[in-house]
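In what follows, a single structure is set out as structure tokens and then discussed.
Chain naming follows the written order as A, B, C, D, E and F, and within any one chain the residues start at number 1.
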Amino acid sequence: MAGISKNIMSKSPWVVHVNCNSCNGCDIEFLACLTPIYDAERLGIINVGTPKQADILVVTGSANYKNIDVLKNIYNQMPEPKVVVAVGACACTGGVFHSCYNVIGGIDEILPVDVYVPGCCPKPESIIDGLIEASRILEEKRIKIKNPDKGVAI
Amino acid sequence: MAKTVIPFGPQHPVLPEPLQLKLVLEDDVVVEAIPAIGYVHRGLEKLTELKDYEQSVYIVERVCGICSFMHSMAYTRGIESIMNIQIPQRAEYIRTILAEIARVQSHLLWLGLLADSFGFESLFMETWRYREDILDIMEMITGNRVIISANKVGGVTKDFTDEHIKFILDTINRLEEKIKDVENVFLNNYTVKQRLAGIGILTPEDARELGALGPIAKGSGIPLDLRTTGYSAYKYLDFEPIVDNHCDSYGRTVVRIKEIYQSFQLIRQAISKLPSGEIFIPVKGLPNGEVISRLEQPRGEAIYYIKTNGTKTLSRLKIRTPTFANIPTLLKMLPGSRLQDVPVIVLTIDPCISCTER
Amino acid sequence: MLDRMIDNVTTVEKKNLLEAVNNMKLKGYRFAAMTCVQENDIFELDYHFDLNFEMEHIKIVVNQTDEITSISKIFPAAFLIENEYQDLYGLKFKGLIVDYKGALYLTPNSPKTPMVNNKAE
Amino acid sequence: MANMLNIVLKNFLKKPKTRLYPLKERDSFERTRHKIHFETADCIHCGICQRKCPADAIKVNRAEKIWELNAYRCIICGECVNVCPKKCITMLNKRRDVAENKKYISIKKVD
Amino acid sequence: MEQIVLLLLLIPLIFSIVFIYSNKKLYKPLSFLMFFICSILSIFLAYKGSLSIRLTGQIFKISEGIITLSEILMILYLFKISVKHHKIGIFILTVIQTIITLFTIFTPDKSEILTVGIDKFSLAMLLIINIVGTLIVIFANGYISEYEHHHGIESKQKLFYPIICLFLSAMNGLVVSDSLSMVYFFWEITTITSFILISYNGDDEAYKSGFRALFLNLIGGICFGVGNILLKKMLDIDTLSGIIQHGSISLSLMLPVFLLCIAGFVKSAQMPFQSWLLGAMVAPTPVSALLHSSTMVKAGVYLIVKLSPAYAGTRLGTVIAIYGAFTFFICSAIAVAQRNAKRILAYSTIANLGLIICSAGIGTGVAVSAAIILIIFHAISKALLFLCTGQIEHTIGSRDIEDMTGLIRIAPVLSILTSFGIISMILPPFGVLVTKWMSIEAAGSNPFVASFLVLGSALTTLYYTKWLGSILAYPVTELKAQDKKDFCIFFPLWALGFGVLMTSIFITPIFNNFVSPEVNKLLKKSTDMYIKRGEVVSKLGTFNEAMVFIALGLVVLFVILMRRLMISSANIKSIYMCGENNFAEGENYFRSWNGKYEKAKVSNLYFDNILDEKALTTFGYVVSSSIIIICLLGGLK
Amino acid sequence: MITLINLKILIKLLLILILPPVIGCILSGIDRKVTAHLQGRVGPPLLQPLYDVIKLFNKENIVVNKYQNVYVITYFIFVVLSLFMLLMKMDFLMIIFVYTIANTSLIVGGMSTGSPYSRIGSVRETISMLAYEPILLFYIIGMYMLTGSFKISKLAYTNKPLLYYLPLIFIAMLFIMTIKFKKSPFDFSTSHHAHQELVKGMFTEYSGPALAIIEVAHWYEYVFLLGLIFLFWYTSPIIGLILALITFFLEIVIDNICARLSWEWMLKFTWTIIIGLSIANILFIYLYNVKIL
């Protein structure tokens, strides 16, 4: 029980996935994380479709002028504490498309990104790494919200 | 009649990609469905006007992560024909084999997503598990799972070793058995049939009218397969385009599943004929001219219009992807369907929005 | 056989476009693609048609301000690409079956007519 | 429905196929491209890699002998590996770690 | 005592006359006055208990005279309108009616007695009529002017109030009378007042509906009259209690009883005769509430319940049970495909009346108790629902339940009252559900009846839940109108809502005082059930009302306790629109394909294709008519 | 004496309140684990549902309107109440009515959020309610005809399990369980994994503590529903338990071998075949006048 109370958030990080300007490469690798070979549900990770129930926002692809509204809405609809994971070169910096006319850049131009997963496309292992890292940050954030003054205690 | 108006997408769990449909329903029946795209528009056609033509291979590869190999293939073939380069036979064969492997990958992926769209989670898991084997082949040969960067102007970058060939043959032999199992489920399971048969009907006339391509056209009885024109190494291989006359979601599923077997067959043939030799020839000079390069993607015919002007960069690249041509069929298939069939119908055109919008 | 320089191009007047396209349809062609190439101030629109993997092309030459008749009534498949050029080149097509009015790819904030090279050399 | 029953029961009776990733890790294939590695010793800062990189991920500062990689923009295409005249860039099959903030990997050559 | 009974008959009449001569300003105070007087009188009477009065000699003569005179007047009126509007059907029926009347006039009553019998059931009915009825009259004050304004019809309020009062008086008369001729007389008055009120709007549709109602009810009246004569001539019975006391069950009893039942079926709009009630929905809402849901249609089932001892346990009883259950089922099914709130309520009324008839037909103690309780609870809940619908129509200008989406935002009080009305129809611990429980338990031994009840109640839940959900859906429509704070409107609504709650909480005294003795009296045996400490106990099972109320209390407690966790700390976020929300336009707008903003909305499902009203109605006609015809052709006994 | 009885009742009450969620939690853990294994995966730890709920309680509480959570509380309380009444062996018909309150509350809660997806989900849930309610009531009527009482406590005196005479209703109940457990092929109003056209159906707008309460209520509901199956073999608790567990396992398997069907299909199916089966069974009992008491 003590273990649970320490790792409340990191034991069941629920994920919502937003595809921004992604080329699908990262998307399908993210989906592949859920499939039997990688089975992210082992770690309590579920891909819930709705931002309202999610803890982690997984963004693939860079931001463009049309999808930033979507991204912001989804982010705003998530309950605290929440973590944003940028998966792939595109989401981190815009990747190979960073100089396209319709690419604003990495999604950190719009949202505060907590975890960057490099690669194009990142292998599922990397994505799982990213999610594990994200759940750790989630737990930190929870503690921070609970004890606003004490700061992080880990 | 009070109507239901709901947005369907862009961020929606059944749609892996951001496509929005404005659905207008009456009682549960769609009366109007207009797709909205633009969430994945990057403008990479313009980008190729800034990069040099060899770098552009990597850019067009990233049009889409699912059919990425064939994008680079179409592009390099286009540039090669502008520059009048005859690439080595072995390279042609390797391209063909990789293209067919990519096709299998794409179709398995699609089968999984289709299963997911009608709420069949375990079937999704099952097909995606098989897909991992294909990805292993890709990773083993080229070093990446999805975007494999194996093409370059003048040939391919990665060669097959004997070990690779053995691995490929082993894997496809094993997969063929397993896919028989899921095929049986997709085509004969009562509940699946309920969700596929008679859903999203597209008559051959409509298909022609709306410019349907690939498995959608084939599922409506139109044998539209660019591979029969024998580009690359296909001219040495023996196959028939697959058609099916169900003209509905079921027909498209049948086509895609049969295409998987066909691809296996093609891979085997190509491997047995694989010549030895170089895998690329060095390229000199700069391209000058315009060309239309076409090939059969998993979802149908892709058209590359390439215009160069003797400089390092391209002066115009236009990519017409199969999904782009297939989206109009949605306008025909969705009205009259039920809400619960919308995801199924949308998925049977195997929409690839990043291809569509580039 | 497929990858070849573009031949059999028929250049038609803008006003004869529909007629030419209609002919194509009667001959059984399917609409394959359409490209727009900018040469300084003029835009060349190539309509590509296909019959049994043999391509035919119809070309028209327009200015950016010209109003072009949409062929989407004849080939519904063409409506997306026409909308695309409306967005990317700022061309105007009239009679589109579904008119996105420049909102297919772009929003009010995005760059306008991004594909147009304004600084013609 | 028996057809699916057959599959799921088989799965149920067999061992799961899952790779227990964080606990157990599969070896990468030999050709697997995970990240590029830079050996500064041989580099002559010619800048070819910078020019050939499709993602503009490399910056070479010839004057100060700095070679910089934006690892979060690199698409791991391997072009730089192919073009480097000194073969000082290599492709590794080890994963790059995820990070909380992205920073340039900046390597200054000290003679 | 007698005086009070007489007063209850006279006061509405007096008010009727006062209304005719008063001016518009006085309507409001007069209605309140009438409400107070009538309710106090009825409560007082209820407190005093049952009695029976025999009118003989002089009084008899006078009453007989009045009745005969009024009957002649009525017939003349019927002739007049049938000629005026060229209604041959009405004319023919009136001729038959005349013959019956003449027959009764010229075969003088030997017994020279009229009996007024007030038992517990009548008392309950009196309470409903005088409290609910007058509340509705108050409501009409706030409603009818706006209604007339809205529909652009000239004011007929001079006619409206007097007729309503006349109707109340007649209803009071109907439930207190024991003599069949009196019942018959009042019965006819309600028919005619109903006709006048249905055709209130004065347009074609109103007249069409009015005449349909008149036509069918005249048929019912004729059945009643014929039944009356048969009873008198063959068995020399001229009172309701006489029928009950008539020991032997014979065909000669069954036929007239069945005829009376048909009269009841018509009045309570059972299946082959249901069309008039639906047409009657063109009338102003207070009329629908008063006549067509809570009181007049209850006259039909009142009669049938009263007759239940006559057929309890016979084959006729079973048939009536199946018939009622079938109506319940089929009307619930039709209601599912309805969008017009008033039509939903109309079908629901028919269905519930069917349930009452079914329970009466089953005829066991539990069942008859269920029937009586249902009459009481249904009257209050339905009156509330009808009035709410009327008020909603004034607020948003529509009675389509789709248009009510998001009503809670525009008119919170009204919405909560409406929701409460709906909940009281479909969920325990409210009265209607308790009776449903009772009737299903009672029907348990007859699989046919039980099946219909089971299927019907599932359908009932469906169509009411749809409506409930629409009303409570929060951020959808942005209608302009606001809750109108009109005391005349909200006093009746609150009073009725409070009534629903109180009657449900105090089901024990209601049962013990009104239902149980009546059932004992009717069936001459115990009810087989009792209610004690909020627990409805029968031989078959127990329904623990108290427990559900406690749970409801717990909900309130929890909500209060968990306020911090669940409610007050809550952050309001926009609704999920796949990420395409747009706040500038409103919460439920999304960016659509052309970059414009569109409103998302969801309508309910109506199954128009499966539960097609026409087809089902036809089906219902066939089945129910065959049941009736088979009965008439010898299925009795 | 009196205090002793009260103490007993108190303990019973506590057990009834505490034990079911524990069982339900484990059941839903088993559900996820078995599902994973059927799909060739390892699956989450057994206590994953518990972790989820604890996490959800620690999340921010976001709503679209201030009163949507009231419905959740109502749902919770009435599910607990119906389970409580089931365990207290009270009147079966009343239990189902109380259970209806819970479900209706959830439906109205989903509708009240005004979000298109949850509203459509709720509408579909009303339809599934239309499908399963009659069967539950037929089950009760069947039981009544066999035992002559609506009280579950009477089942203790029966000499034969209900299953002997209600086999068709048992089959019908299996389908109802699929609907109620929100399993394929009938998971169209909401499903455990959100990969469906309605996102998360009814629960799209619920999150944080409210979702946690819904989840806990689901645990009670699991026990309640399996309790209904248990009643089929009340005479021997062991067999009853086994029956319930087999049913549970069967539901998981069915979930994994079926695609989601349309609500129309379900409605047609239940209102013809399933209800037909139930009525046939009841008619059989009526005609042969079987009694097991």
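Basically, a contact is a pair of C-beta atoms (placed from the backbone, for glycine too) under 8 Å apart; a residue touches a chain by one contact, two chains touch by 3 or more.
All values derive from a computational prediction rather than experimental measurement.
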{"item": "Most distant chain from chain A, judged by the mean position of its C-alpha atoms", "value": "E"}
{"item": "Pair joined by the larger number of C-beta contacts - C-E, A-F", "value": "A-F"}
{"item": "Greatest separation from chain D - chain, by CA centre", "value": "E"}
{"item": "Geometric centre distance via CA averages, chain F-chain D, whole Å", "value": "50"}
{"item": "Chain centre separation in whole Å, for chain F relative to chain C (CA means)", "value": "59"}
{"item": "Gap in Å, rounded to a whole number, between the CA centres of chain C and chain B", "value": "24"}
{"item": "Gap in Å, rounded to a whole number, between the CA centres of chain F and chain B", "value": "44"}
{"item": "In chain F, residues with contacts to at least two other chains", "value": "36, 38-43, 60-62, 116-117, 120, 193-196, 199, 204-205, 256-258"}
{"item": "For chain C, residues contacting two or more additional chains", "value": "98, 100, 103, 105-107, 114"}
{"item": "Residues of chain E engaged with two or more neighbouring chains", "value": "571, 573-574, 576-580, 593-594, 600-602, 605"}
{"item": "Chains that touch, pairwise", "value": "A-B, A-C, A-D, A-E, A-F, B-C, B-D, B-E, B-F, C-E, D-F, E-F"}
{"item": "Contact footprint of chain A on chain B as seen in their complex", "value": "10-14, 16-18, 38-44, 46-47, 50, 58-59, 62-66, 68, 109, 112, 124-125, 128-129, 131-132, 135, 144-147, 352, 354"}
{"item": "Chain B - residues contacting chain D, complex", "value": "51, 54-56, 58-59, 62, 122-123, 126, 129, 139-144, 147, 149, 157-158, 181-182, 184-185, 188-191"}
{"item": "Residues of chain B touching chain E in the complex", "value": "2-12, 20, 22, 27-28, 34-36"}
{"item": "Complex contact set, residues of chain E against chain A", "value": "571, 573-574, 576-581, 591"}
{"item": "Touching residues on chain C, where the partner in the complex is chain A", "value": "105-107, 109-111, 114"}
